[in-house]
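Here subunit A shows up in two complexes: once beside subunit B, once beside subunit C.
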Partner chain A sequence: MTGRPLAIGLAVGTAVFLITVPWLIPALIDSFWVSVITEILIWSLFASSVNLLFGYVGLLSFGQALYFGFGMYGTALGIDHLALSFWPAFGLGIVSAMAMALVSGVLAVRLTWHYFAIITVVFSLIFYFLAVSMKPLTGGDDGINFSLPPVLRLGGKAFGLTDPTFQYFFVLVVVSLCLFLKFRVINSPLGKGFLAIRDNDLRASLIGLNVYVLRLIAFVMAGFLAGVSGALFAFFGRYASASYMFYQVSGEAVVWTIVGGAGTLFGPLVGTALFIVIREIVSSHWEHHSLLVGLLAILAVIFAPKGIVGLWNGWITRLDERAAASPRLTLQADP
Partner chain B sequence: MKDTVLLLAMNGLIWGLIIALIALGLSVIFGLLDIINIAHGDFFMVGTVLAWFSLSATGNFWIGFLVAPLAGFILGAIIQRLVIQPIHGAAALSIVATFGLSLILQEIVRITFGPTPRRMLAPIQGTVPLFGVEYDIYRLLAAFVALLALAGFFLFLHHTKLGIWMRAVRHDRETAVAMGIPAKSVYVLTFGIGFALAAFGGAVAAPITTVDFRGGVDVLPFCFMAVIIGGLGNLPGTVAAAVLLAFLEGLIQSVADPTIARISSLVLMSAVLLLRPQGLFKGYAK
Partner chain C sequence: MSHAVLRTENLTKRFGGLTAVDNLSISLPGGRIHAIIGPNGAGKTTFFNLVTGLLSPGSGRIFFRGRDITGCRPHVISRLGIKRTLQVKSVFPELSVADNLWITRQARDRFLHPFRRAASDLDAKMRVVQTLEQIGLADLATRPAGTLSYGDVAMLEIGMALISEPILLLLDEPTCGMSPAETSRAVAKIRDLARTIDIVIIEHDMDVVFGIADDITVLAQGAILASGSPAEIANDERVREAYLGRPEDEDFVEEAAHA
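So, the complex of A and B:
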């Protein structure tokens, strides 16, 4: 058996599972887990913004929480202060995250590696402290609550995220669309440029790529992904809080991405799902579940430095090689 | 008004000397092992907790000054062997590994020490007149101890065999190994020293700040700032930057609230990163 049918089977299985979640999960476990899976989808989109920068352009951002926070606050303030309806508020969140990413990216992508990691965390800290101190507007660490406007009206009937099934599918569709967009970008000439910069930025510049502009484009795209996830999370929790802009939130996304497999499309999803599922299962039985999370992060980088998806891909490649090698072996043995 | 400015500036200066100790540990680990140590703030926090435990166990505050760095050194050496060595200096992986380490250390302290922050009483109470203000004696003593430790560390680095080995491996690992320096042991030693410096800083700072399992979270960005502004791997620069940053924050705090002070130093740091990524002090010290 070669790896390809195995991979296709897994993809189809996952897709079928994700589509049937709102009926399958309440029947098998508990309807609470539908909201856990919704949350996993949102956070995995956030992790994939780290992945786009680190896995495909080679820039390790430690400050993606800033754009998550802007997506979150853009949406929440749009509804709460400007009385916008659903879609304009969603748009405001995304646009403010991208605008912030553009402004900070213009400065940040001039730096690389350690310096880049540190300037991104510094930028996010600046706005974290600003958000904490502007309590009347942002609510500080306590955050602000708002009530959800309906998503759309069809034939006099209003559909809103207060319906858990509708909310789940809304998140699933938005996250899938974003991941599909990411997939298309990575496989476009632009994406090849990203990879060239990741592998060797000097060589990339010598073949005529504008490294600075490409990095900036990737940075704004990552801001888009983080902004969408922040806006979704604001809708999901019906609130926004400065605490989601702290550097530890960015750090978690880095951990999820690397444990899941940086530079792979589904790595962030796998890493996020793993950590959130463990948190949900263990934390209800054991107060000190972060011990397990910490241990898992350490074991993952020691035993699977390419991440879980990287491990899986290596396994598939070996299967393929064995399948390709075996006929030749019999040929050699024949005469 | 003048008194407040002076008081806050002095507080900043002394806090800067303590931060310098911690940041020095971070810089040594970073420079030699190429590890971005997310757990470094927690190494400091472990130091404050060790000081708390040794005070409550023995009733003698000063024993903490011995226990914290010693236990820190041993813990650091063990952690290097178990966690850091297997990842072979891959910086991205080191972030994940030390993030995990940070969670584990915080959780262990939460289990043993408890979730509530506590205040520790200074062993010497009272104030002395200094430049016209009444100043806390313990803080002055803390500054003196921190200065001694800084001087001791630089003496160690330049005048002992181990210190010279550390510098040699950092400078050129291949040659150092060829000359018979056991690089692997030097790495273990370096990580131990890095932890010990942070833990010692924690023991000195324990009566000044609160003892809390999340006490390292705020210290970490500050230490990174000092390391960057001082110039990566520039140890005297790190010390100077830590003192300068904390002093400036203290000064700004006397006219604005602490958050504004923190934001100003972050903005300063962005400017340094963008304009002088090699650090403020390149060319003044090597």
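So, the complex of A and C:
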């Protein structure tokens, strides 16, 4: 048996599952889990932003929460202070996250490795403390609440995120579109340039790649992904809070990405799903559930450096190789 | 010396108290294979690093085909047509052999398309296939470059130099660590390349140097000790003393003198 049908089967199964969630999950477990899965999708997009930088460009950012926070506040302030409707507020969130990524990226991408990790943390901490102290504008740790404007009106009927099924599909579509965009970028000439820089930045500059500009482009793209996820999370929670800009939020996304599989398209989704499901199940029974997170992270780094998706891919490749090496064996197995 | 492809004027680079390149004025005419030799620490690799923009000189100027490139950034110099290989073999280890060549080809363009499929560029694809044939790595095209043998990585580096269509190619000890068979394959490739592009080569293997160089410059302590044809260098007293004069090296000095 080759790996291909297995991989296709998994992809189709996942797609069918994701499309039927609003009916399947309430019937099987509880409608509460629909909102958990919605949350998983949003956070996996956030983890994708870490993954784009770490998995494809080789930059480990511990400060992506800053752009998540800007996406969140851009959207929330757009609705609450500027009385914007849904789409302009969404756009404001994304644009402010990208603008912030551009400004901090201009300085940050001059550095690599631990220096880069440190400067991204420092940037996010500066703005975290600013957001906490500017209470009249941001609401500080308490945050600001807003009421949701409708997403669209069709023939006098308003569709809004207050309907959990509509909300779920809205998030699913936006997250899928963003992952599709990321997929296109990774497989484009630009994406190969990213990979070259990740592998060997000195060599990349010697073949004529402008390492600084390419890293900056990747950083702004990661800001886009984080900004979209932040805006979605603001809609999802109907509020924005400075606490989501704290570096712990960034760190969680790094762990999700590494355990799920950095440098793979679906790694962040797998990692995020695993840890949020663990959190939801374990945290009600045991308050130290983060110990489990740490343990899994350590195990992943030691035994599966390319994460869960990396393990799976390796397994599929081995299956393929075995099938290619012994065609007769498979014939015998299938009488 | 009508039109120098590469020329430096009073080039100096100091690292703390050490003068790696000392007031070096060199002029390399086009259409020839130029070898730079010298004992360890003579400033050969530093010279390459200055020319390719990895280091900026303390003083002096560098001209490429009459154009001042002093202080330009590495990717700018690369796009002008100066490509190099590194002393420690340096490729993109997790990319496949074909992708190593592909991105090297693409990097010549200023614009990398963010959304188009990389595989849809047929011209680049064809060039990759051609180059794979030329360097004899067609069978290994899908292997990650990091899993190749040392000699194959060195051939890949030469392939990357080929596919980028340089005007001037700087080779930093290209045959270092190669088996004799790989060395002769690489030397043949370099000779082949030299028909269309200008090559400067740093090499410790004197058989290689005296076998392919048209001109040789000997560096010692960052300055030119001697410069001339292989025969002139082999007979130069100062060179014999400073560099080739050790008894165990006599053999190929003799050999070269009769070559």
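Quick notes on this one:
Please note the rule applied: the second predicted complex is superposed on the first by the 326 of 335 C-alpha atoms of A that agree within 3 Å, B and C clash if a C-alpha of one lies under 4 Å from a C-alpha of the other, contacts with A are read in each partner's own complex, and residues count from 1 in each chain.
The definition used in the following text is that contacts are C-beta pairs under 8 Å (C-beta built on N, C-alpha and C of every residue); 3 or more make two chains touch, one makes a residue touch a chain.
These numbers come from a predicted model, not from an experiment.
After overlaying the two complexes on the shared chain, residue contacts for A:Ala117 are found with subunit B alone; subunit C is out of touch.
With both structures placed on the common chain, the touch criterion links A:Val255 to subunit B but leaves subunit C unconnected. In the superposed pair of complexes, A:Ser205 makes contact with subunit C only, with no contact to subunit B.
Looking at the shared chain after the overlay, A:Arg322 reaches neither subunit B nor subunit C.
Residue contacts after overlaying the shared chain place A:Arg153 against neither subunit B nor subunit C.
By the document's definition of touching, of the two partners only subunit C reaches A:Arg184; subunit B does not. Once the two complexes are overlaid on the shared chain, A:Gly193 sits against subunit C while remaining clear of subunit B. When subunit B and subunit C are set side by side, the one touching more residues of subunit A is B.
Taken together, the two complexes place no residue of subunit A in contact with both subunit B and subunit C.
Within the complex formed with subunit B, the residues of subunit A that make contact are 54, 60, 62, 107, 110-111, 113-115, 117-119, 121-123, 125-126, 129-130, 132-133, 247-248, 251, 254-255, 258-259, 262, 288, 290-291, 293-298, 300-302, 305. By the touch rule above, subunit B contacts subunit A in their complex via residues 36, 38, 83, 86-87, 90-93, 95-97, 99-104, 106-108, 110-111, 217, 221, 224-225, 228, 232, 257, 259-260, 262-263, 266-267, 269-270, 273-274, 277. Across the complex, subunit A is touched by residues 52, 54, 73-75, 78-79, 83-84, 86, 90-95, 99, 102-104, 106-108, 112-119, 121, 160, 164 of subunit C.
For subunit A in complex with subunit C, the residues that touch the partner chain are 181, 184-185, 187-193, 195-196, 198-200, 202-211, 214, 217.
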